[in-house]
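All chains are identified by letter, namely A, B, C, D, E and F, in their written order; residue positions are counted from 1 within each chain.
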Amino acid sequence: MTGLPTFAMPGGFLGADGDTGGGITIAGIPFDIATTNRPGARFGPEAIRRASKMLVDGDHPTLRRSVALGLNDTGDFAIALGDVPASLALIEQQASQFEHLVTLGGDHSIALPLLRALHKRLGRPLGLVHFDAHVDTWPDSFGQVYGHGSCFYHAINEGIVDPKRMIQIGIRSPVQTDVLDWTLQQGVTILSAQDVHERGVEAVATQIRQVVGEQPSYLTFDIDALDPAFAPGTGTPEIGGLATWQAQAILRRLSGVNFAGMDMVEVAPAYDHAEVTALAAATLVYEYLALVQREV
Amino acid sequence: MTGLPTFAMPGGFLGADGDTGGGITIAGIPFDIATTNRPGARFGPEAIRRASKMLVDGDHPTLRRSVALGLNDTGDFAIALGDVPASLALIEQQASQFEHLVTLGGDHSIALPLLRALHKRLGRPLGLVHFDAHVDTWPDSFGQVYGHGSCFYHAINEGIVDPKRMIQIGIRSPVQTDVLDWTLQQGVTILSAQDVHERGVEAVATQIRQVVGEQPSYLTFDIDALDPAFAPGTGTPEIGGLATWQAQAILRRLSGVNFAGMDMVEVAPAYDHAEVTALAAATLVYEYLALVQREV
Amino acid sequence: MTGLPTFAMPGGFLGADGDTGGGITIAGIPFDIATTNRPGARFGPEAIRRASKMLVDGDHPTLRRSVALGLNDTGDFAIALGDVPASLALIEQQASQFEHLVTLGGDHSIALPLLRALHKRLGRPLGLVHFDAHVDTWPDSFGQVYGHGSCFYHAINEGIVDPKRMIQIGIRSPVQTDVLDWTLQQGVTILSAQDVHERGVEAVATQIRQVVGEQPSYLTFDIDALDPAFAPGTGTPEIGGLATWQAQAILRRLSGVNFAGMDMVEVAPAYDHAEVTALAAATLVYEYLALVQREV
Amino acid sequence: MTGLPTFAMPGGFLGADGDTGGGITIAGIPFDIATTNRPGARFGPEAIRRASKMLVDGDHPTLRRSVALGLNDTGDFAIALGDVPASLALIEQQASQFEHLVTLGGDHSIALPLLRALHKRLGRPLGLVHFDAHVDTWPDSFGQVYGHGSCFYHAINEGIVDPKRMIQIGIRSPVQTDVLDWTLQQGVTILSAQDVHERGVEAVATQIRQVVGEQPSYLTFDIDALDPAFAPGTGTPEIGGLATWQAQAILRRLSGVNFAGMDMVEVAPAYDHAEVTALAAATLVYEYLALVQREV
Amino acid sequence: MTGLPTFAMPGGFLGADGDTGGGITIAGIPFDIATTNRPGARFGPEAIRRASKMLVDGDHPTLRRSVALGLNDTGDFAIALGDVPASLALIEQQASQFEHLVTLGGDHSIALPLLRALHKRLGRPLGLVHFDAHVDTWPDSFGQVYGHGSCFYHAINEGIVDPKRMIQIGIRSPVQTDVLDWTLQQGVTILSAQDVHERGVEAVATQIRQVVGEQPSYLTFDIDALDPAFAPGTGTPEIGGLATWQAQAILRRLSGVNFAGMDMVEVAPAYDHAEVTALAAATLVYEYLALVQREV
Amino acid sequence: MTGLPTFAMPGGFLGADGDTGGGITIAGIPFDIATTNRPGARFGPEAIRRASKMLVDGDHPTLRRSVALGLNDTGDFAIALGDVPASLALIEQQASQFEHLVTLGGDHSIALPLLRALHKRLGRPLGLVHFDAHVDTWPDSFGQVYGHGSCFYHAINEGIVDPKRMIQIGIRSPVQTDVLDWTLQQGVTILSAQDVHERGVEAVATQIRQVVGEQPSYLTFDIDALDPAFAPGTGTPEIGGLATWQAQAILRRLSGVNFAGMDMVEVAPAYDHAEVTALAAATLVYEYLALVQREV
């Protein structure tokens, strides 16, 4: 345990660099112009990587080994400044080169091209574990068709995600009733934040495993699934959300889910303080890495 | 879903303006000189209205319709700068013109003139659902008789509130033992924050409904009932408080209570960050509106 | 001097509402997706209006009368969320309805459609007084053609602005040398921030009046012309900038310039503190209003 | 140079305690309910004392000896919570016990009782060196007669201050023209902030010395005389103000003025950051102490 | 209830000064150079004392009397600036003079000399109730042997603490597996934060009482045992931690434990906001004082 | 001008990486335990590098070409956690490998080993251009011999720096008179901040060039030479300091000075906001690079 203290480490996620070949690849996607409220998630990748330094020194406490083995960080994806459709196309194209991709957003609109790329690679609809305060199945937001509140509307309509194997956890925002009804009619399972608080983490994890089954699934984690007390640094906060311990506890109980990728989105550092949001995001990615490594 | 994005909306609560006749009226009361610790709640009305914009786009998730229908926002009440008694008189006078008033404070001293006005209108003592970290039944605070810690001492003594139908939720501050004993002797029910954590939201809501019964009641919500993690932007924070999800869960279970008015007090934006306190206040008012509309 | 204290005033600029017919119109343009660095200027209009309340109580100290007479505030312009070209078109269309428009941005890309609309109304190229840390004459920014750093490249190329009657004050950022040379070759006069510090406000004001002459001119004020000490809340700060007193002193010496409109852009409140940037922006707009009224 | 590092020192101004008999007495006045905009100056005394620790280690750089000799800090004055007239009476009564008092506010309304007490002690009208962004000679503020904007209206009317020996430095806020004219008609000399920027510190200091002469004078320093860049933590900021170096340079040139007391007011820590405002206030008090000691 | 409002109180913890002879002594230890990540806990004592003012006015709500009786605050211990071994020696020496010491840190390295002094006084190994996110039993941190992550490694090795009577609550950070295993092999009981969330406060308190038994014990509370939502102002935050209500509820259930001293460490005010961390620390010390007084 | 926007760039200073052989080397030194007041400069290197991204896009405005050519960033130096003497030795050893080193601190104590290494390389005493609020020639600070306030005491005593060729700019803190006198007696030239404000940047630059002459010199820039308005994020701020434009203007006038290295120290990001301090530090390093390149 000698060497550079964590605060002097280079900047990749958990200190990873871009050189390693196999395993899991981290990429940042500094894109935030599809937000409907507070922007700033373009600085999310940088903030999450920086906060991840606090997690480097030691092994994961339940996995009992480092989660950074075999990890590489390819840096940030190129985007088309100020242009949503061109950026989504660029993201999809870059994502398609990686076997198992964990992305740091960026706003939630990036999930659509990431899912498109993964769907092409796997050749079948994906299960989806979706943590969020919002359903994100609006056909549009104030006229914007590919906004951050519409990514799963398109993913379902395009057949990329199997709505019967899709579950949303933490939902609690105001929502147009016809949007909510459409989502339920597709077969999506919705657990509100109040459901999580009432039923407990064990029951929630069981239901997630049941809904997504054993086929390949994807984890999309909007940091606003957490309560603003735990994650103030985000664009469209809603009160009444999850504690970080609940999110951790649920993730740790998802052994057996066949995860093929993950994104962590909507971290907006300008609204954060003392890096608590960035640290929450980094640690939840860290939990995902431990979970996936546990399967190996 | 076209039109102005929420961040470009005009400034009334949930976008309401002052034109509508009937229904519920929102008013701000930018008064904070009766505080005993941190001032700044004079900026509460502005901050709560601004945060409420985040709630405009969509229906209430369990009411399944907009809560803004029939709502009007009359702006801020006039106050007498630097003069507590004159301000309380002005507040009572202005409050007396409205049928069903929901006020955005301001410090808790404003509850007294609001209750006086409502008591005059209804002609009988009111039930009181009182969320707070403090009992607010001190005869005085450092000699100040109408301070923000004395409003319910006067309300009980003046016969405005029926202490047998009064319940306090979230209490946890240091308090003079004789003040506490006097309060209990009047018949007030006190649920400490630890009581809420131990018994759960269902039991608390049941007890509230039992205590206040079916006669007209009033909801007074001091934002410091919430834990400082969830509501840092307030004047006299106390640790160990409620999570926002608990406050929401309790409010949603108060169907059947005959509410005749509400205030949301002690939001001090200078101590807030990322608008989390203002958003908590706005959302809890939104829950009240949904609750009252549910009854219609 | 009775009535509502300033902190309880309604939300229009200097308390103005939208009802008055003639005079000068304030409009907000909550658009910020053409930024190349920190976003957030979509919240600029709200923040500038709020800060303007501090200026309401009293007359302008050198004009010796209120500057709010005849002022109306039409609220915010509609924009196309997430779509730069559609937003620019919408802004131009809305701007074309007003005689003398003072807009609160928003990022600097909005200056282009505002100038297009004004040019159509007046039928001839405009003089331009341009306060900024950046020349904003880049053909593109990382490929983005209508970004906030390219507005005057287009304005010059489209013949909207007469580069011989265009003067830039406060310039100091890194810049591609060919962009700088192109700008100078068009005939634009550039005063760096160091020039202002060395020559003094009187000489700068004299040169501005000489460059723009007596034909109609437009004032475009990027808040990053100010030093970050005076205006931290902006997207692309550069050190070494102007003090607020210098900007005020220069503006007050521009009597005789025939101003036909103004914009105040790039206020990003998420990076502000204690509202100092918003107050600087509001006060400089207030100085413009005093300047224009002085001419009447 | 051994012993406790400055950050571990006890809390009095410059480490002074209340025990010493003679010399100069520091007192805090945690009173802020006469403010018309942002409150919070009640926490000014604590913040200024804390910031003063940074100045303890070493001698004053131009006085070349410690300024803390003979200094005592009597703690905070008692006030009447929520009651302006009673508080002003209490302040006057407590102030009257001290020979040479330097007070840490609190809002500017405290200057009136402090001047009343000093006037009684000295038996003749005082000269006044008044640093401020505002004239503070309004007959009332929104109806409030003893607000923080009216202290010198009363001081002049009560014959406590000799307006011919009164000079205001840094004035720049909006102001009712008749208030401004009344002030000038009394014989008060007004130097705007722009006057200071144009004429320079030497000329300003010379004029101050000429106006107040050799009879006893009082220094009242509203921290908003400084620009918000240098002093964001205050209630009614105005841009275009003084830099701290200008205030220091002017004070250091006031040798020969016969100062009988000082107040430093309107430091509102909730709006400060990194203690820059509190440090500015502490250092300017420190300059005053050096100035007065220089005379001994 | 007259006298100085709490915000005007002198600076000792709960207003205590250094004069009282017997009872419990508060001391600050402004030492933070043994931290491995964010420094700044040197300002912890000052911040905790200041926040404690909010707790002065009234009795402890369940103890039903003041906890400040017999309390004295001796100020801050001298330390050797920039020198870890010399500082630890100084701390031990100063601590040895006090009967029952409650210290305000400072980083966790101070626990070692405090325990050494207490061990010498009592002449036998201590039981330890240790709230923390980290085990702090690393042999070294990046080569630093007496860092803040190694204090209990030494305390166990030196025979000061009886590992069979040592329990850690809130553990959740990454940790080297051999460090964790060594700790368990010594006989230390470890309750992770997830354990607390799952089992509940009653079970945790029961287990603590069982582990430490009736012999003298010491409470060491690293504020990062709390979740960053409740305590952002600390050096090595970890998500998923305890709520303040849980810490309070556990402490209140520790009647019967024979506590001989306490420290509250790792409060780093530069990362706090609205004093929530300092207030949490102050209130948990206050709970300890109530707990100890309950035993008398 | 295509490619990654600046906010997505990798983390080296101006985007430089460690690969390039020749030219100038950037290194971070995350060491801050020799501070006497606020710590936190260990995070300075990271913050300065991040802020430097804002300067990448374009050429230096007066040099008219990129300053990043031939630049490499070797990352952070290893330090000995918690151990001042061992860290200074490590720093000297690492520094000795580089031809022309520009370091990002870190507190000012790092200047001593950097100067020692450079002195060994060059074999003769160095001239020193020293921007600071403090003389940093104290024999010790509260007993600490190698604290951040003593680096130049040792450098002079060790014959590393030639005091006749040493000039300090911006000095203004309290200081022990015998320390100040010793410094002057060695032959050091001291320009106070007030001297800079009075004499102007041209005169200051001329004097610097005269003092240091044409032999090799070193630039040591303590960010607290700047006023806290321009650089709040530092450990021992003093009011009355330099504006960033003054520092820039002076540096640009130092053509002809034979600079052999530079450090930028005392940036403490926890006290910064909106990155203004980090940006000031990055830009002044950028000016140094332009200055040195101008000579080539």
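Some observations on this one:
Keep in mind that, in the parts below, contacts are C-beta pairs under 8 Å (C-beta built on N, C-alpha and C of every residue); 3 or more make two chains touch, one makes a residue touch a chain.
Note that the coordinates shown come from a computational prediction; the quantities given were computed from them, not determined experimentally.
Taking the definition of touch as given, a chain qualifies here only if it contacts chain C and chain D alike; those chains are B, F.
Under half of the residue numbers found at the chain A and chain B interface occur in both copies, marking it as a different-residue contact.
In this assembly, the chain whose C-alpha centre lies farthest from chain D is A. Interface comparison, D-E versus C-F: the higher count of C-beta contacts falls to C-F.
Comparing the CA-atom centres of all chains against that of chain C, the greatest distance is found for E.
Once the centre of each chain is set as its mean CA position, chain B and chain E turn out to be 36 Å apart. Centre-to-centre spacing of chain E and chain F amounts to 39 Å, using the average Cα coordinate of each chain. Distance from the chain A centre to the chain D centre is 54 Å, each centre being the mean of its Cα atoms. Contacts with at least two other chains are made by residues 3-5, 7, 36, 38, 42-43, 81, 141-143, 227, 229, 243, 271, 273 of chain A.
Contact between chains, per the stated criterion, is found for A-B, A-C, A-E, A-F, B-C, B-D, B-E, C-D, C-F, D-E, D-F, E-F.
Every residue of chain F that touches chain D in the complex is listed here, in rising order: 36-38, 138-143, 171-177, 179-180, 192-194, 197-198, 227-229, 232-233, 236-241, 243, 271-273. Residues 3-5, 7-8, 10-11, 28, 30, 42-43, 45-46, 50, 75-79, 81 of chain B are the ones touching chain C in the complex. For chain F in complex with chain E, the residues that touch the partner chain are 32-34, 36, 38-40, 42-43, 80-84, 141-144, 146-147, 270-271. Only residues 1-7, 54-61, 64-65, 227, 229-230, 243-245, 248-249, 252, 273-276, 279-280, 283-284 of chain D touch chain F when the two sit together in their complex.
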